[in-house]
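Some structures are shown below for you to check.
Both of the next two complexes hold chain A, though its partner changes from chain B to chain C.
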Partner chain A sequence: MTTTRRNLFKLAGGATVGVLFTPAPWRLLTDTALLSETWPGVPVPRHGEVTFQFGNCSLCPAGCAVRARSVANQPVSLAGVPAHPLSHGALCAFGIAGHHLPYHPDRLKSGPVAAADAAVRTALGQLRDTERCAVLDLRPGRTASWTYRRAMAAIHNGIYLAPLEPVPVNLAAAKTVLSLGAPLFDNWGTPGNVIAARDHFRLIQVEPVESRTAAMADLWLPIRPDSEEALVLGLANLLLADKKVAGLPAGFTDRVREFPPTVAASRSGIGEQQIAALAHELQNNGPALVLGANGSPYAAALNLILGAPGHTLVSRREAPVPDEWKKAAPVSDLASVRDGSIGVLLIDESVTGDAPPWSAIQPKLANKAVVVTFAWSKDGYGRQATYTLPTAVYPETVDDIPPAVDSPAAAFRLSAAWIAPPDGVANPADFVGALAGIAVKDALQERAAAIRKSGRGSLFVPSSATSTPARDVKPDDFWKMLQAGATWIDDVDANAAPPKLDLAFPAEAPNQVLPLVVAVTEPDAPALVSPLLSKLYQESNLHLPPQSVALHPSDARSCGLETGSHARLETGCGSIAVDVIVDPDVPPGVVEVSGGPGIRKICGASSRARVVRS
Partner chain B sequence: MRISGYIPFAVGALTALAAGWAAFPHAIYQNRRQPVNFSHKVHTTTAGQKCDDCHSFRADGTFAGIPTLDKCAGCHAAPMGTTAAEKDFIDRYVTPNREPQWLAYARQPENVSFSHITHVKSGGMKCETCHGNEGETDSLRPFQQDRISGYSRDIWGRPIAHSAFRTEGGMKMDDCVNCHRSHGLTHSCLDCHK
Partner chain C sequence: MTNPNKPVKAARYGMAIDLDRCSGCGACMVACAVENNVPPAHQGANDRKGLTWVRVYKVDNGGEGDGRRSAFIPVMCQHCGNETPCVHVCPQQAVDVDPSTGVVGEMPERCLGCRYCMAACPYHARYFNWWDPAWPAGMEKALNPDVSPRMRGVVEKCNFCHGRWHAARRQAVADGKSDMEPVAYLPACAEACPAKAITFGDLNDAASPVAVAAKDCNSFRLLEKLDTDPKIHYISKRDWVRRIADAPRPGDGKESRRG
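Right, the complex of A and B next:
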């Protein structure tokens, strides 16, 4: 055999064929794939002792109890606490992946803290008598909220702004729940509590689209978009008959007379008999509860007619605070602030809550106002603020979590702080407290001591799954147990007066320019979501992609849009670029809106929109 | 074409087959020596110890894995015998209080969380089912580490061609899943993965 080019090719060919019949290439493929899992930059969980820690999730007001499995003190998985009396072991998808957030690539880790402090102090010194320093708190009721209120009482012309807290609901007492588009199974209240109470009430969901809640309801009434008001007036017409209910505004009762069931049926698209049956059920299968989206006064009026206050709508005491804290600024509503009067605005965006749109804030600002926002990312008010200061994310910092809307009693629990925050983050309460010269380092412990001193309520300890009357726990142990994930739950105040309902009906404002009703299809998410979760979410095809809207074919045609069109979604709070999906399952007159940065900001406070080709 | 025309092809194929089956398994692993020439046999027979005397569960049910020096020093504060291995262990580790850097044959990758107590207490499995007759060996075998992935050979399994036809001895995900299926057990990702 001679060494020719042909023979060399034959040798190589033979070797190639031969090697395919050995384990080598296949093993190298596997090994290379495994190597790619440990490339530099891929986070590697630590090796070490496996331990379990308890805490509470602070991503939303539900504050679900969490058990973390940690390896070498680094949380590697989170789960609920089954015996917990408030969260009943449930944990939503955001909560399960909460320990990913400190590693989120979009989180802010450093910011101009010193420069912002100097700018705020200078601006405070230059405030005119007509200008104010304001703190906007997205989640009132926390110990940090009390710090803000104390600080604003101490600062000249200080004002504390917070969204109005909804009237607490006692789901366990309800036998019939009529939901006017309230997202009961989409992170409303405390998910575990809703699930635990679910077997004991009949749920009737009134909503134009078949949302997750509608799909899980006992009865879904697909109502014509934006006609919930007509249905409520029709129901009230039947329920009131000749009865008089104290507290109902005269204007409401006058309107009720204009809505006999025939009119309500023609407006809402729900049959006359169905409305009558619904009224009968609400009246005879009580206690009943009506839940409206965004604190609807129509839902409140129906609740009043059905006698819900004191039964399914309850008064809730706040967790006690030290006496010296009570010289605090009152809670004010942003709408009550005079336009152009805020010279310094500090926004605590480090917790989720009802965030007013920037279009509602901007008119209140004075010329050259200094706006500082404390946030996890730049996606919120950071786009407009003068300074955006990074804060610790969950689970990096200890904060208390006030009770959710479905908690009939006050609660006090601390968020978990299992991971050390980066050095460059700011603590909003420390920042604001320092402006007023208030020491806030031990505020949580001081409040815990006040709660323990009150002798009210009981302490649930997750490690032993036991509840102990708070008065039987030693003061030092009370604080230690809270730090170890325990929850203090107040006694229900049996003598409390029924809650007052907000029956301020907005003025009629027919808007012909915004013809579509907004249906937000995604649950309200924290400012940051685990990158893993959002990847799965985007690739699942079960949800609208981020920054997109879905329209019925007839609406899409009238707007000159088709699937894949680039358009702008316009609401009363602003506009944003979106991609269009045409879907015959979307009811006519409705625009389904996905989640995504910015989109919720312009849709949260606005129920109507239009979509225009861009 | 004469038969001699196939000879270069055959030579190439046979060489590749020989290299792939005989040389590759040796080349892909590097042998690393354990820090101490430890005899399980002496400890289980002469000293009369059981597996869980050293490889114990903590009070909370977590598995302590390979014992730390404290555990060893409980008996070996002073040399127990006159062997060279014993003297070496005392001089290099016990006296300077230096932890031996044991190479764990069965350590799972970082993204896996294996619960020993679930398998041993609830599942009733014996240590030998996964770890073989380690307790009867007189010396520690070399730790064979994959040069590319860094995994132990015990995870892959002894056969180099670990496949659907030869699955014995491995501790890969397929092996776990196969065993669970054979016992009619259901599982989800987060049962095992961190």
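Right, the complex of A and C next:
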């Protein structure tokens, strides 16, 4: 064979085509890909000994039991404790990623602690007789709350302020639950307890928007916005008939007479027959329970008519405290404080709770009042306070978690402290205790000793999933077990008197300038949430993004807004910047707002709003 | 060629999800991201460019007013057992079906990022890494050491928490059992579901809760007409929810409104 130029080309061409049919080039491609996978930007997880620890989540009052899987003492994943008698193994989306909070970019790590301490002490020395030093506690009932109360009793003109605690609910005793917009399946109460009780009651959700709770209800009644009161009065009209119920305010019974079912039906948009069927079901498929959003007095009145107190609404004893603590300041309501009378205000914002809007706090402050807030981030009262002091976040500090609204018995459990807090953070209880000269270092242990001494209740130990009567546990072991994640649960007080319901009906406010009814359909989020929660809104459509509102297209048009517009949500309690989403699923006349502390503060006590382009 | 690791008795892991219990809380989505080191959203990520190995869709019956009802459907890789579409189209052999577990696995080290598998997947359950994985400073300490973070430019998806399966096998061996037998374990989403809506186990074990649930008269699978034999079974007593199974993608109409 002669070697010609043509043959050389043929050989080269044939070889090239032939190589394509061998694994070689494809293998090369794979190897190229392998090289591209090992870029230095990809973090390498740490390895080490795997251990499991138990604790309790303190992100909300539910206090769900948590099991942490730690690698080299660093929690890498959190899960519920299945046999737990209160949380039944459930953990919400916030709790599952709670171990990320110490690394949140918006988290405060240092602040002017010494300067704030000096300013508060100076201000306390200069307080006039008419001025007061106040502590505002967003989650009362904790050991820290008792420290604040003791400190305010020791400080001249001290006052302890806290939101009113809702009447405890016994969901397990209910056969029919009528919810007037209560977010039963959006982190209301203890999520695991709600789910565990769910199979035993029929849920009727009355709400203008089809929330997650409405989707899970046996019956969803889409009510005309802001007309729940008319429905309750109509139901009361049928339920009361000629019956007299002790404790109902005269004004209420007078109004009930004005709301026969025809009137209630025309106001609420719910059919007359449906209202009659609802009244029949509440009366005949008891025990019934009525849940209202924000402690509605209308829900309380209906509960009274249905005989819920003592059955589905219960009295709960508080976990015992040492006798020497009982000389403490009483719990006061912010509204009862005289305007312009608070010279020093200390706010414990390090826990999630019902936060009053700044518009309710500001009038109570004296001229040049010193306001110190203890917070995880600047987003809360930090915008208005004189000093914002950073605190440890979950899971960096040990604190106790009082029982949630759906716990018929008292409970005592400690939050987990699995990660060391940064050096620059302040402990609000230590700070306030030091002002009054009270040693608070061992307060939790002292309270645990008082609980053990009472001999009441039982101790659930998560590592062995067993409950033991508290009196059978040695005092030292009792404290050690609590530190290891155990939960003390009180005995239900069978002789307790039925709870008193708050039937103070608010004066009718002229709200005509605010055309939209607020519907909060997202769970009440803590001040900080894991960045991974972006999976639920930014990377999918499951939840409304934080700081956003959804409007019906007709409402959006009349406000000159479209999806993506920047706007301000204004309520009677203040305003906040929001992003707008236009959604035909939102009923006309309703503004659906996302969760988050900022929005809750201005929407919590206000049912009407408007959205203005900014 | 024989596979020395092939168990004597192969498992066929699968799930049964009770849609009547799912409240759309999203705990499964977050737990999955924590377990599998899925990074938080990049600033430019949206519902089409995000990484959600399991995604909960809100669907409704199309009714208006009081006739409207909604439900939530968690959708993840359906681990097709028959003619697995993504396996067939991958030019890199980066996708395979493990004969010992029935799990459709993805090897990101082999993936070239051509996204043929994404186009082929009828369930839209595969996600492309558009950006370098990044966590806020310090949060990388909380990564799960059993799962390697993936690089930008590869496709990723649910693998029934392979890291947990390996850990369960190691534990079985440590307990003196044979690693040739199927092991019992729970993926993160099943463990996290507060409503206990997700049951996981070996579909080959007729007595297992998942196999019993899969045979429930209200059980159905997504796009069964494609005959891909998915291993995710859904359960609902509501007719209209069962009819959603034949839609090309759950929650289609909702996509453009939010997100």
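Couple of notes before you dig in:
We take it that the second predicted complex is superposed on the first by the 557 of 614 C-alpha atoms of A that agree within 3 Å, B and C clash if a C-alpha of one lies under 4 Å from a C-alpha of the other, contacts with A are read in each partner's own complex, and residues count from 1 in each chain.
Here is the rule we use: a contact is a pair of C-beta atoms (placed from the backbone, for glycine too) under 8 Å apart; a residue touches a chain by one contact, two chains touch by 3 or more.
Note that the structure is predicted; figures quoted are calculated from it, not measured.
When the two complexes are overlaid on their common chain A, residue A:215 makes contact with chain C while staying clear of chain B.
Contacts of A:23 after superposition: chain B is touched, whereas chain C is not reached.
In the superposition on chain A, A:568 makes contact with neither chain B nor chain C. When the two complexes are overlaid on their common chain A, residue A:52 makes contact with chain B while staying clear of chain C.
Judged by the touch definition given at the top, the superposed model places A:7 against chain B, while chain C stays out of reach.
Once chain A of one complex is fitted onto chain A of the other, the partner contacts of A:327 are absent, as it touches neither chain B nor chain C. Of the two partner chains placed by superposition, A:156 touches none, neither chain B nor chain C. In the superposition on chain A, A:105 makes contact with chain C only, not with chain B.
Of the two partner chains placed by superposition, only chain B is touched by A:15; chain C is not.
In the superposition on chain A, the chain among chain B and chain C reaching more residues of chain A is C.
Chain A uses residues 30, 34, 37-38, 45, 47, 71, 76-77 to touch chain B in one structure and chain C in the other.
On the chain A side of its complex with chain C, the touching residues are 26, 29-30, 33-34, 36-39, 41-43, 45-48, 71, 74-80, 89-93, 96-97, 99-100, 102-105, 185-186, 191-192, 195, 210, 212-216, 220-222, 530-544, 550, 563, 581-585. Taken together, the chain C residues at the contact with chain A in this complex read 23-27, 29-31, 33-35, 37-38, 40-41, 45-47, 49-52, 55-58, 65-66, 68-72, 91-92, 108-112, 132-145, 147-154, 188, 191-192, 194-196, 251, 254-255, 257-259.
For chain A in complex with chain B, the residues that touch the partner chain are 1, 7-8, 10-19, 21-24, 27-28, 30-32, 34-35, 37-38, 44-45, 47, 49-52, 69, 71, 76-77. Considering their complex, residues 4-17, 19-21, 24-25, 28, 60, 62, 109-111, 113, 146, 148-151, 160-162, 190, 194 of chain B touch chain A.
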